[in-house]
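Worksheet: one structure, shown below.
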């Protein structure tokens, strides 16, 4: 019992962080699947969602602020794609990635400007922020809600991709961009919907994440963003279940590492894990192997 | 025959221009106040130029998208500062406060600089063994990961006797300690940075124009064709990676000399992004572009745009200008360059006298044409 | 036996469930021009890729001048999926999986079906870069120009090669700015720059008109004589194949269906059924 | 389109250059004081509060009489971005502006990194709240008006051992941050010297998940949680301690003396105790007038974290400004070299107490630290008895 009591907080935290990572990682994996682009700005979209919440909740009731945050984040994701990625569709992949880094830089600096560099306290969401006790471990309710909500969203997304027309188009585009275009699929609108879904999930993720860790700074998105990308690669980039499983593994491992007292290496561990998986199975857990045609 | 003559002339022009640049620099340093921000920006600019060119060697010329540059600069900076720190300081309390320094040797500036490069290169060789088998984005994210691991490693408590843990290193031989050989006169610091960076960049340029440089470019253009023509991919990639890291290490060491203190915390991913942006702004695959861009980047970021941060400069009662605005403007400029000038300042071309001559010839022609009243020539 | 330059023994290449090359055995002797023909998707280029080390074959061996250069046998999980024949024969063979550059170094050079010139380089640089492998200098001496004689030699030889191919006038043009036919020529020149003994040509006449094809054939014979080469080529132009090759191998669905002299192949009903009928339609 | 854009970019540059050229003018009747503070990065919040003190002091006394002549005091602010690699150019910017004396920075690392630039220019620098000994150690151009980490660490250890009566402490600092790292080391030394026991951990940069650290502290059965980290992390730690229902008190150094902490702890079941330079209420007239000034301007209010609590660093910034003026008056000149000489013997009676410097490193002679505890019901600080050591 004492073992359970001692290790439960870490595992709970791991599962909860894992769920939040999963929601962000899906955005990475979907965009990469379709555009072959590491969307470096995605972590900052997540941060921006947190900032929207901070600023909106200052003047609006939560009931109005939360939906508005979701809408604004989706709009932001959509705008980023239209302004920064679409003009570069025929440019080399490196240019697009650099554009992504530029957007990330811009978002961080804008956040810095509007917050004046101060950490903003994230508003308390009623019910979610309450503390609960399970098996003697005290935690916020959001910790328990996160994995459940994540699973529901992921299942919904999988159904969406499997059965709707847009979902099918997404799969087609990610399999073969050019052919899909020739077959009359509106590639641009498919890409836009990818960004919209990714941003929406990132916004939900940010609600959960910042309710748990209630402080938003301009760089809040950086590390979680990188880790989520690692999670996406770990699970096999392009694969949604892969990203989710990768995110949970990374979230849980990270907390166990901290629990063991190796705190110095909790971030480094994530990257070490990445490098190991890339070397052992370069396509990740669930990735498909692609053969170069000569 | 004419071509060869031109080539000779070009080389002469380059030599004269370089000599002129160094003389102007020397005169400036001797006459102007050494603390002028102009020199600070020039020093940092030339240090960044070196690391940008070294990154360009990888990303632009070999086609390896690596994001580990900050990690190798970190190694270079630490190696340099630990080796060049006087033994008395190491044994004393002023730097290694919480640890007993385990490195009991002290080296001069040049051996330390070169060793900084060598150690960075050794790490690169080890990291390259597994990582260089990965392709494009995966390579990028893996090198970025290694840079983060290196940073954690250097901050590790157990490494304290060597790296001083996460604490600052200082009191090593910084730029003010550079002496003119065999005398006790201080070497002009900006000139020193230009000389060291210049030599390193010249070596990189020579390499790029050698048979090996062509092999690197072949790998960038088409890996499969390069391999089929007998170019060992792994060997050449590793070579490019190691050489690039060697110079990143030297530039890290010079950064340490420049900023008087070293702390692992500063060598973050953001630093690699900065260098990458310099490379892109200058033009991927252009050495001159990287050099020009690094001066512009540093000057804009740390000097010219600072007035945007001062609320006293606000006009019309608008409260737009306040701290942070500079960075917003700066990132918008970067986005404009990335989106509208995606080839950067130089594209993949280099500075050449031939182009300048052609430009003037065209200019003359135009002038002559307009004078003669014949616009359609 | 000493005449054998290239020998493939039971080579099988399987991608997932698709068997691209199935149990292929063939032999190319010194001084010959041998053609490998077959309908589209028959696995000809895959066979080339197995020889040059781009792909690691699932099973079988490749010999160059009677020396084993590629060998493999599927092990473990792959064994179940493996559908080729003769898998038991090579079970004790130690796998050898050299990288393409090592094979090139032995003296096998190739061209590509879809031209793979180095885009950013000029015609001259394309050929010069291919000389890199045989250059007698290391990175240090190359960077600091310590071996000017070697560099000079490389330049001169490159110029000579270009001259021979009638490409000298385009020397400073970007390789990709050349017309299609000349790009193919340049690829051959580039392959020759690696000083091969065996030259693998992957559809050298693709996209050429009859006159150009005829010229190309003459040219192939010419360089074969001059550089003492053995030539193994994949080709769709039947005129070229029938007129200039000494022997022909025909494959379909990865399997060898016929071999022999041009006359024998022309008379072979199997070939006509599988291949020539299709070619006539084109 | 492209050409127009290129033109706009080029014009921006030229304009920027012109603006730079224009800004470095110096008038015969002005004296420039440089403020070397972070406005962004990890220490942005603290830097801004410290800057506020200087700004307020400048609004109180915008002129100074030196050697019989009245000068207008121009304060030049520059953002060092809490980053060592940006520090030299930020410092050079101040040197370029012709400062007679420089104040700052919040955060010891940047002070150490910027120091040599001031040394090269012969400009004295006065640290306001950088408590790391290395800032002034072994040099003659960096001074400071606050107490040092070894002192603060000892005070905190004594407080924990004697006043709180605990024997096992959990110490957490940020990896790569020499302020929290240093203070934790000194705390551990002192605490173990007293016979206590410490558990020491570090968290990496950019971390916002403190669940495991708090859980570790709970698991180790520690009596106090010592974490003198930046306010950004502090909020999260307080939050997590409350969420896990931990019963131990939180203890920290001067960084936590901020209204950000008060807001985070308000209405929660947690005990937060800090050591600091200045307890609000010690000088009532100063408090009321600076509060009025802060409330009078929305930017100031925002920079102070949204309310009018007077942070100790603000009071220190205020004192630093007057200390700098006093030094210039004593020197009878605005020349940096003379000011530097005069600094050694400058003394003032500031709102944070009397300030005088020792003659070895130019550190303030202070042996008293104020101890404050957060009142979670009202969201204010309660001053406890100050602790005096040595």
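A, B, C and D are the chain letters, set down in written order, and residue numbers restart from 1 in every chain.
Simple rule for what comes next: a contact is a pair of C-beta atoms (placed from the backbone, for glycine too) under 8 Å apart; a residue touches a chain by one contact, two chains touch by 3 or more.
In this text the structure is predicted, and so the values were computed from the model without any measurement.
The fewest steps needed to get from chain C to chain D, moving only between touching chains, is 2. For the interfaces A-B and B-D, the C-beta contact count is higher for B-D.
Annotation: 33 Å between the Cα-based centres of chain B and chain D. For the pair chain B and chain C, the distance between mean C-alpha positions equals 43 Å.
Taking the mean of the C-alpha atoms as each chain's centre, chain A and chain D sit 35 Å apart. Counting partner chains per residue, chain A shows two or more touched chains at residues 112, 116-117, 222, 264, 267-268, 294. Multi-chain contact residues of chain C (touching two or more other chains): 54, 112.
Listed for chain D are residues 39-40, 175, 202, 204-205, each touching two or more other chains.
Across the complex, chain A meets chain B through its residues 32, 36, 38, 83-84, 87-88, 91, 93-95, 97-99, 101-106, 109-110, 112-113, 116-117, 222, 226, 229-230, 233, 264-265, 267-268, 270-272, 274-275, 278-279, 282, 292, 294.
Residues 6, 9-10, 12-13, 17, 112, 116-119, 121, 131, 133, 137-140, 212-215, 217-220, 222-224, 254-255, 258-259, 261, 263-264, 266-268 of chain A touch chain D in their complex.
Those residues of chain B that touch chain C in the shared complex are 203, 206-207, 210-212, 214-215, 217-218, 220-222, 224-234, 239, 243, 285, 348.
The residues of chain D lying in touch with chain B in their complex are 1-2, 5-6, 9, 12-13, 16-17, 19-20, 23, 39-40, 77-79, 83-90, 92-93, 95-96, 109, 112-113, 115-117, 120-121, 133-134, 137-138, 175-178, 181-182, 185, 202, 204-205, 299. Listing the residues of chain B that touch chain A in their complex gives 59, 65, 130-131, 133-138, 140-142, 144-146, 148-149, 151-153, 155-157, 224, 269-270, 273, 276-277, 280, 284, 322-325, 327-328, 330-332, 334-335, 338-339, 342.
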